[in-house]
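In what follows, subunit A forms one complex with subunit B and a second complex with subunit C.
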Partner chain A sequence: MLNRLRVMWSVYKQYWRINILTTLEYRENFLIWFAFTFIYHGSAITALWIVLNRFPEMNGWTFRDMAFLYGLWMLAHAVHNTFFSTVGDIPDHIRDGEFDRLLVRPLDTLFQAIATPGQVFPDELILALLYFGVVTWYSGATVDATFVVFVPLIVLGGAMIDLAFNLFISTVAFWFVRVDALRWIVIQLEQEFTRYPITIYSRGVRLLLTFVVPFAFMNYFPARYFLHKAHEGAMLPAAAGLFTPAIGVLFVAAAYLFWRFGLNRYSGVGH
Partner chain B sequence: MSALGDLVTPKVRFRLEPYFQFAQKAMAREATYRFDVFTTVASVLVRVYLLRMVWVALYLRNAAPTDLPLHAIITYSTVALLMGLVMDIDQTRILHDNLHSGTIATDFMKPIIVPLYFFSDGTGEVLFHAILIVPSLLFSLLIVQIDVPGPLVLAAFALSCFLGYMVGFCINFILNCIAFWTLEIHAARLIVTWVTDLFGGEIIPLVIFPAFLQKVAFALPFAAMFSTPLLIYIGHIKPAGYAAALGLQVFWLVVLGFAATIIWRAGAKRVIVQGG
Partner chain C sequence: MAIIEAAGLRKVFRSLERDPGIGGAIAALFSRTYEEKVAVDDVNFTLEPGELVGYIGPNGAGKSTTIKMLTGILVPTAGVLRVAGIVPYTHRMANAANIGVVFGQRSQLYWDLPLRESFELLRSIYDVPRDRYLQNMKHFAEILDLDRFLGTPVRQLSLGERMRGDFAAAMLHDPRIVYLDEPTIGLDVVAKEAIREFIGTINRERGTTVILTTHDLADVERLTPRIILIDEGTVIFDGLLERLREEYGTHRILVVSLAETYAEIAVPGAELQSREGAVIRLRFNRRELTAEALIRRVTERYRITDVSIIEPDIESIVRRIYLEGYHDGTVGAPS
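Presenting the complex of A and B:
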């Protein structure tokens, strides 16, 4: 077991080595994708600022609060994109037959899929960390022992919620080869529904975002806790904000079981 | 082609025929992605719900702008979403695709005007997506109420939309021409999409931007794509201002059309050089 982990670790190190070498090789391409990441988040935050400049509050949330709300989501999302975005390539591997090669190799299939080199570089993560640092100061969130201990855990939990849905959609590709449209919808929903405090939605949608597609645990509940907005009492008590890691583990476990189920029934797409 | 009628001489008809065929082919091609149709409509509905909740929450506790009541801004945002179904399509993607695959070389050999071929292909795709406006609108009406202006305003809106579409075509065409030099434009295209979303007034009306940003946004060509038709629709631009508003759109169309021509010629030369 220990030996196996050591092998996986050395493979994983190689994976990052190749990623970074590839990025260095295609420098212009990297720069333009970095500009892309920067403008993507920049335009979202600018849009928030424009609206809240004209309308100073939204259900008791000011721009400062919502900048923090965005920062929490951005960080969790960036952790996911940096370490697990390759899970989203699985349907492509299934379609072109590459996936079948992973099945006959002596390492865990999902691990191999995660460690398939591409052009991954932690630029978004670095950007997200910088932004989160600034916005923590700007929003006036209390930085105490709870904050220092729980924020990294919450970010990991949020990334796991992302991973769970990414893996779930990729697993669907075992049955329906093309899942691009489904993925696109989920990505879009996540972006839109993590931007504002969930109190603006009707009860049904709030329930959905809390228990079914728990994007509210990525940023809303933790932000409510750290910004002392617990009196809002949307569905759950204040401490719910600290439960993100548990929710993340739970959803990843469920997605993994579904993945195993799909993998056991998978018999190729006929190559 | 019968749709052309007898209005044009047989010679002109013979010349135009291929482009109508290109447009029809593009429509048929788009129609094969049935599931995408479903997801497009579903995504519009989710966003209509979202925009309603967002604006209602913002108007609830803040002083509303006198010239932009809640129903006007909800109308604006909903119509913007429906326009986006058509306007957000990159009609000249085929230029980039053909450059990548190398088939652009054979396009040049055909007895056609190549940019016009891209235009008709893109327009066919756009017309197919324009059909989606109907179900999207009908379902949206279950979620929001939309103001409907009088026939004069609607006519000006339609004209302005057409000019906006043409401006959008030029911007996309210029962007795809960049592929003559760099081949990879995926990231650049997404960047332009977001800049258009924000500075074109598709997600937030430019009139609620802070004064400085408003000046910048109104000075950019993106405002001609979304903002002008939408401000006409909700009555923010009064009939007295139509001439100036539409005139500015025409100005951008001429400038960008000219720029597109120059860039296209320079790019096309490169292909011939590469072809040896």
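Presenting the complex of A and C:
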């Protein structure tokens, strides 16, 4: 067991080495991505600022609050994109047959899919960390022991929520092969519904974002907690903001079980 | 002790049945009927350690499906399978440590990086000790002439060079068994020869068991005395190439250049296959008639300037077996 972990760690380091070497091999492409990351998040934040210039508050949330809300999501999302995004390439590998390669290597298939170099560079993560530092100060969130202990866990939990859906959709490819439509829907849902406090939406949407596709746990509930807006009482008590890691683990576990099921089907158990 | 045992191996796929064209595709959105396709029906064979065997069959015969079951990618629908004492599909990872796989049409090398980087990664994946790794690299560099392009990005390599890289990649962890799926596909003659040489060397010097699937029967003729022929999911021949040639390659052709023009040509014991100008081709069964006797019969009747004999080549024997069935003993004459 210990030996297996040692091998996995050494492989993981190698994958990252390859990742960074590959990214730098195509300098121009990398620079364009880098610029895009700035523009993408920059425009999202600018849009928020414009909206809140007209309406200084949205259900009691100021621009400063929403900047924090966005920062929390951005950080969790960046962790996912940096460390887990290659899970989204699984359907392509299934389609072109590359997936078989993972099965003839003496390592867990999902570990390999996660660790596969996908030309990822930690630029988004660095940007998200800087941004989060700024908005934490700007929003006036209380940085106490709870904050220091829980924020990393909440970010990781949020990244796991992203991973769970990424994995869930990729697993569907064992049946449908192409899953672009499904992925697009979930990505849109996440991007639209993580920008504003969920209290602006109808009850149905809030239920959806809390219990079905729990993106509200990536940023809304934790932000509500740290910004002392618990009196809103949307759906769950204040402490729900600290439950993100548990939700992340739960959803990843469920997605993993589904993955095992799909993998067995791929190999043809029960045929 | 056999290193590979397959008994009654069977694999059935369920696939969506649909009519051709856009209409059929749209109809299939609403009503789905599934079709059971038997890819591998009843495959039996055993391999001893250190054997090199050609696994031959036309497209869709079940070659790839068999290899996928042996490598642990697919679970058989029925049958018994053991590879180095392990059931591949229940112990996929343990099996994976024992095997090396080369898919001729797909590379496991990192396209954008120098060849060396892919090897370093594989060293980690298979947990190859550093000194063993260096030893192997040195050996492969010698027999595959890798040194020249170890530092070149894989995308800039020629197909032959890339394939040599893929071979080294598959052998780096000293697998006991290697599966080579169409390893020479698309290569030029020189590169093919280099790859064959390498396969032979690996098999001889390291005692690696090799299963080679290929379309190119020249690979097989050059490398292995034993072949397994598979068609429509079942093994139709398993044995020495020589036996196949003897059993099924019974007919030879005598090519004769005539000195004069004859209105009619008939030689007892031989069949006139073609006639082009002064050159005739006579097909005969070598069990019934020796070449010498046939030439005598020809010269008794006609004046000739030249003769030559065409032996049945393995390619045409196999082609005829697929076309006509394999049991009647008359197939396999060159045509």
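FYI, the second predicted complex is superposed on the first by the 266 of 271 C-alpha atoms of A that agree within 3 Å, B and C clash if a C-alpha of one lies under 4 Å from a C-alpha of the other, contacts with A are read in each partner's own complex, and residues count from 1 in each chain.
By our rule, a residue touches a chain if its C-beta (ideal position, glycine included) is under 8 Å from a C-beta of that chain, and two chains touch if they have at least 3 such contacts.
Everything numeric in this text was worked out from a predicted model, so none of it was measured.
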Taking subunit A as the common reference for superposition, should the pair subunit B and subunit C be classed as clashing or as fitting?
fit
Rounding to a multiple of 10°, what is the angle at subunit A's Cα centre between the Cα centres of subunit B and subunit C in the superposition?
90
For A:Arg260, select first, second, both or neither according to whether it touches subunit B, subunit C, the two together, or no partner.
neither
Return first, second, both or neither, reflecting whether A:Val104 touches subunit B, subunit C, both chains, or no partner chain.
second
For A:His228, decide between first (touching subunit B), second (touching subunit C), both and neither.
neither
Looking at A:Phe55 after the superposition, I want to know if it touches subunit B, subunit C, both of them or none. Which is it: first, second, both, neither?
first
Is A:Thr46 touching anything from subunit B or subunit C once the two structures are fitted on A? First, second, both or neither.
first
Kindly classify A:Gln188 by the partners it touches after superposition: subunit B alone (first), subunit C alone (second), both, or neither?
first
Considering only C-alpha atoms, give the closest distance between subunit B and subunit C in the superposition, rounded to the nearest Å.
8
Could you tell me which stretches of subunit A are touched by subunit B in one complex and by subunit C in the other?
none
Could you list, by residue number, the parts of subunit C that touch subunit A in their complex?
11-14, 68, 71-75, 77, 89, 92-94, 96-97, 99, 101, 103, 106, 108, 110, 112-113, 117, 120-121, 124-127, 153
In the complex, subunit A touches subunit C at residues 7, 10-11, 13-15, 17-18, 21-22, 25-26, 97-98, 100-101, 103-108, 117, 264, 267-269, 271
Contact set on subunit A toward subunit B in their complex
29, 32-33, 35-36, 39-40, 43, 46-47, 50-51, 53-60, 178, 181-182, 184-185, 188-189, 192-193, 196, 200-202, 205
For the complex, which residues does subunit B have touching subunit A?
35-36, 38-39, 42-43, 46-47, 49-50, 53-54, 56-62, 65, 184, 187-188, 190-191, 194-195, 197-198, 203-204, 208-210, 213
